[in-house]
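Here the structure is laid out as structure tokens; the discussion comes afterwards.
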Amino acid sequence: MSDTAEKPKDIMFAQALNMAMNKAMADDPKVILLGEDIADKEGGGVFKVTAGLSGTYGTDRVRSTPISEQAIVGAAVGAALVGYKPVAEIMLMNFITVAMDQIVNHAAKLRFMSGGQTSVPLTIRTTTGAGTGLGGQHSDMLEAWLAHVPGLKVVAASNPQDAYGLLYSSIMDDNPVIFIENTPGYFVKGPAPAADHTVPLGKASIPREGTDITLIGYGSAISRCHAAADKLAEDGISCEIVDLRTIAPFDEETVLKSVAKTKAAVVVHEAVRSFGTGAEISSRIHEELFSELRAPVGRVGSGYAPVPFSPAIEKAWMFSQDDIEREVHKILG
Amino acid sequence: MSDTAEKPKDIMFAQALNMAMNKAMADDPKVILLGEDIADKEGGGVFKVTAGLSGTYGTDRVRSTPISEQAIVGAAVGAALVGYKPVAEIMLMNFITVAMDQIVNHAAKLRFMSGGQTSVPLTIRTTTGAGTGLGGQHSDMLEAWLAHVPGLKVVAASNPQDAYGLLYSSIMDDNPVIFIENTPGYFVKGPAPAADHTVPLGKASIPREGTDITLIGYGSAISRCHAAADKLAEDGISCEIVDLRTIAPFDEETVLKSVAKTKAAVVVHEAVRSFGTGAEISSRIHEELFSELRAPVGRVGSGYAPVPFSPAIEKAWMFSQDDIEREVHKILG
Amino acid sequence: MASTDMVDKDVLVDIFTRADLIMQSDIKFRQMIGAGQLQIVYYPVRGQEVVSSAMMAAVNQDDYLVTIYRGLHDQLAKGIPSKELWAEFAGKMTGTCKGKGGPMHITHPATGVMVTTGIVGSGIPIANGLGLASQLEKDGKVTVCCFGDGATNIGAFHEGLNMAQIWKLPVIFLCQNNLYGEHTHMRDTTGSASIKQRGEGLGMRSVQVNGNDASAMYTAAKEAVDHARAGNGPTLIEAMTFRFHGHLLGDTSHYIPKEEMEQAKKDDPMPILRQQLLDLQISEADVAAIEAKNAAIIEEAAQFALDSDYPPGDEYRIDVLDVEIAA
Amino acid sequence: MASTDMVDKDVLVDIFTRADLIMQSDIKFRQMIGAGQLQIVYYPVRGQEVVSSAMMAAVNQDDYLVTIYRGLHDQLAKGIPSKELWAEFAGKMTGTCKGKGGPMHITHPATGVMVTTGIVGSGIPIANGLGLASQLEKDGKVTVCCFGDGATNIGAFHEGLNMAQIWKLPVIFLCQNNLYGEHTHMRDTTGSASIKQRGEGLGMRSVQVNGNDASAMYTAAKEAVDHARAGNGPTLIEAMTFRFHGHLLGDTSHYIPKEEMEQAKKDDPMPILRQQLLDLQISEADVAAIEAKNAAIIEEAAQFALDSDYPPGDEYRIDVLDVEIAA
């Protein structure tokens, strides 16, 4: 992953998502897509992630919608209740703020409140991430909110292969899944998945093994973890990287096993550090491995502020490779 | 607080809130109230918290609104931008899900995004809490979401005196404040505040001193912490209680000082434990006091499920005094 | 509101049978709660029986229903079994939702009761999804989506009706206009003169009808159902009605002028409908037999609810996800 | 759309002066971005100059404005100083918002520019709050709230218009209908025949006007402003217009039929308005002088933006709360 040079078979992250939806739609006629501008007439999505799908599967199954996020998610919930597997696109993650009721009070709860009579196998795809110069209302990482909601799964991929496997699994999963993409990451390339490549939900991966400390992250954090690990290796520090892939419920077993081995950890995410997902992961590690740890688990995240527009402030505010290295050095003394 | 017997001057929590708004409206003509059914013609609020205020200050300043939470919060944001101090009531906390955009993308960010040219001194009052038999969509504790949003203050009181002081401070504060009330707690009595009683935002209190372990909580957790502390005292365990009062940004100084003394802590809240506010508080304690702790910080919260309707399941799911005692015993060995 | 000829005798009997079950159930619930036999928050439906009975008489059991906290009349009219319904209200394991949902979240797919929501307006976007599924599936089903006058002030109403309209979804939006949202009169919250006007503003086929008149309500319902089944899209029905016992049990309706309440009770749809049956030469004995049968159903259901067990505490770990959550 | 007599010469000159500043600013932004001098996401406003210029000519500088990401024309028409505006677009410390807001979040209370939002529809409820403050304060101000056709599909539009209507707030809802929301034509997203129809459905005074016709637009704006200032409440103005350069810079408008774009460009409001001035015996020299003055303002502003410093990194800790956040 740290090697970003393009290889013959490399594909872009956005393309992997497109392939996953294509496969899901081919495999199961109950898979439908809903979202703003997602059909080809409207350009196949503002980031072209759904390009070509309405051509192949028709605009009955790939529907461009009005700017009505509550109606989009609600329609997906309703169709999911009676056997469809809708994939609703909420263009940017900040826009889930107008659809939280449908996501939290309905998608997440209808299975439970119906005593298991119904289920809501929908997937909500949404993208976000700073570094794009879009400012305060288009870049927030809000996964901590969703992770706190029982009944929702929250997923983020860090490379095209995982994106393919995880999105396919999300669509086929019988629970509501929030699938978080990274806007600047759409154009990052990586090895292409085999058509039958799968990644189960709820299982973290270990893309890099190491012995001195475990770096735990997901999505946009993973490339920075790799870069930091490369750099730290020069100082003789061996980092293991755990890519959560499913943020909630997360794979405690893999995390705890790794940290039990390295006896030190840093949790890394782009979201605001304060009250972020890193707090839960850190707490779980302390609760389970307190006496084995060499030092308290570190956390890296972005600063306590809305995402700033101006590049210089945005950079100072945002989590970085430097922050990871600094945190590792602090922990390992 | 653990003594709930009524004393001559005891008042109900709901009454303290009413008094605080009354004082704020008397002190400052810029204080206005907005919310569903809040004027006297409509009963002074479904829980009567605003009863009498429209009579005193008129329906221009105390406005019953349509069922339009986005419009309610939006109107409060707009009026706040030009010098008003609106108090918007979102009847139950689950309904903030339809107004999250106004709260998060606007109220919390406009000061920053305007480079400090404007500010949003609004207060959003909302109530919630399980144990009322209202089921999955009327009892959620969602403070962790709001705590994760830079620019918002999040407040919860545990007794009528604090409720009075904190609500007054929230209304007068120049930042947007989410003031979280507890539905079953409305009818709990406690000593009445003096008219000039104030409680600053951002300062925790220590309603009970102790030496063996610190129980940290807020709102509905505090009465359970007191009850557990009473019980644990019988086993010779001395608990100190920290009532955060302001959940975010929270008073790290008081928390860390207490735990530095007791060398053990449990964070308690009614919200779902997983990815709750307790995770942040626990993480901060570990980060700052790791080597001084006798054991990892414990956490008590509710289970990983929507709030169940049936009393038996609701009880099993919900955080409890027993859970606190069990956690303390686990930590102190 | 156009006046309508009276509908067929059989249909009226059908509507009455449903409406009487609702009325008696509502009375029984209020009695049992008053007597402390049930401890629940209850949203009375007395006064609105005919609206939903006439509506549901116009659809099939496998058509879908989405309703709200004040949904007892809709659920019963749709044919939900009383025993499981009562048990759910009582929080028992034998309830439709194993006691996990409760009165505000009744679900029973076997009778088409797909969602009951406690969030004002939120059923509307979900109803569209059911309608979308039917449209894609070409299964000929319609979805009935019930909500109140107050709900038409919230964003989801607007988004949902518009989406249904542009996609011609087979959904009937049944606004049961009882003039009050909690304690606030519609005139203080609604800029338009009617809810129908809002539907028209969204380009939707919209009708206003006296929902308490069984024939008028049934005719409006049937037309909307036929329209939807023919693939012509949604209808907004504004059914004028009234609620006699406040927003929830215990609410004294202090905000309703005395004369308004008196007039509404004079126009009580239930005795009117009963009299219509008698006028159509249905014998008092036949009507009484319907009532007796309903009473027996309710007695059995209430007893079943009381006799059933509460779910075990750790049920909360089941049905959160598709797999059980570890303790 | 009613046709209107031409408004006073002075007013037309005023409108042209604002509109030309907008047009030239838009051209300059696109040039500088194309040349790599600015690296920003830019929402072009070419084609919509007259709508906001005529609207803002009808209000005072201390009246309030709430607008959207595509807001450059509104902000300039409202009188925001070009230097600070350009500096903010460039993310500089000298910008209106010290570079923290950027193009999508321009604020400048001194000229009444209170909020610019990037969330579709969300300015509407906030505009009500400004209107509510004016109503309480009795300060006689009006609030202009700008948004697009696509925004009328979102819940906040519905809730906001209704609240303004029932409270008779002094707010003018200016829907700039350019027929497209991002890449989707209005006909595919909107169940009603017009946006005006939606306003009427909500009981609001609603007008549709050719926004590209300065006189018609000014007249509609003036009437709405007078109506609001007189305490008679809000107006929805649906101003028909078009955007010539896609949703954001780089968008090729592939989804717009060639003929539609050609026709729109033939109807370009700017040359039409310019010709109207000449027809009114304003000399070519006088018009050219206005244009030259605008060009100079823009040159100076662009240079100021380029020359200004970026904010220091730790500015992010300031203006989050009223007190500085610790590092």
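Letters are used for the chains, namely A, B, C and D, taken in the order the chains are written, and counting of residues starts over at 1 for each.
Operating definition for what follows: a residue touches a chain if its C-beta (ideal position, glycine included) is under 8 Å from a C-beta of that chain, and two chains touch if they have at least 3 such contacts.
Predicted model only: the values in this text are computed from it and were never measured.
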By label order, what chains touch chain B and chain D together?
A, C
Going by the average position of its CA atoms, which chain sits the greatest distance from chain B?
D
Chain centre separation in whole Å, for chain D relative to chain C (CA means):
45
Return the distance between the CA-based centres of chain A and chain B, expressed in whole Å.
31
With chain centres defined as C-alpha means, what is the inter-centre distance between chain A and chain C in Å?
40
Chain centre separation in whole Å, for chain C relative to chain B (CA means):
36
Going by the touch rule set out above, which residues of chain D reach two or more other chains?
97-101, 105, 117, 119, 153-156, 159, 162, 166, 188-190, 320
Please list all residues of chain B that touch 2 or more other chains.
65-66, 68-70, 94-95, 97-98, 101, 105, 112-113, 135-137, 150-151, 249, 303-306, 308-309
Could you draw the chains as nodes, link the ones that touch, and say if you get a line, ring, star, complete or other?
complete
Which part of chain B faces chain D closely enough to touch in the complex?
32, 60-61, 63, 65-66, 68-84, 86, 98, 101-102, 105-106, 110-119, 150-151, 153, 173-175, 249
So in the complex, the part of chain A that touches chain B is made up of which residues?
70, 94-95, 97-98, 100-101, 103-105, 108-109, 112-113, 135-137, 140, 142, 144-145, 147-151, 248-249, 271-272, 274-280, 282-283, 286-287, 290, 293, 295-299, 303-306, 308-309
Please give the residue numbers of chain B that touch chain C in the complex, ascending.
36-37, 41-43, 46, 64-70, 94-95, 97-98, 132-138, 303-306, 308-317
Given the complex, residues on chain D that touch chain B span 64, 66, 95-101, 105, 107-109, 114-115, 117, 119, 122, 124-133, 136, 143, 155-156, 159-160, 162-163, 166-167, 318-322
Which part of chain D faces chain A closely enough to touch in the complex?
39-41, 91-92, 97-105, 117-121, 150-151, 153-156, 181-184, 188-190, 254-255, 310-317, 320, 325
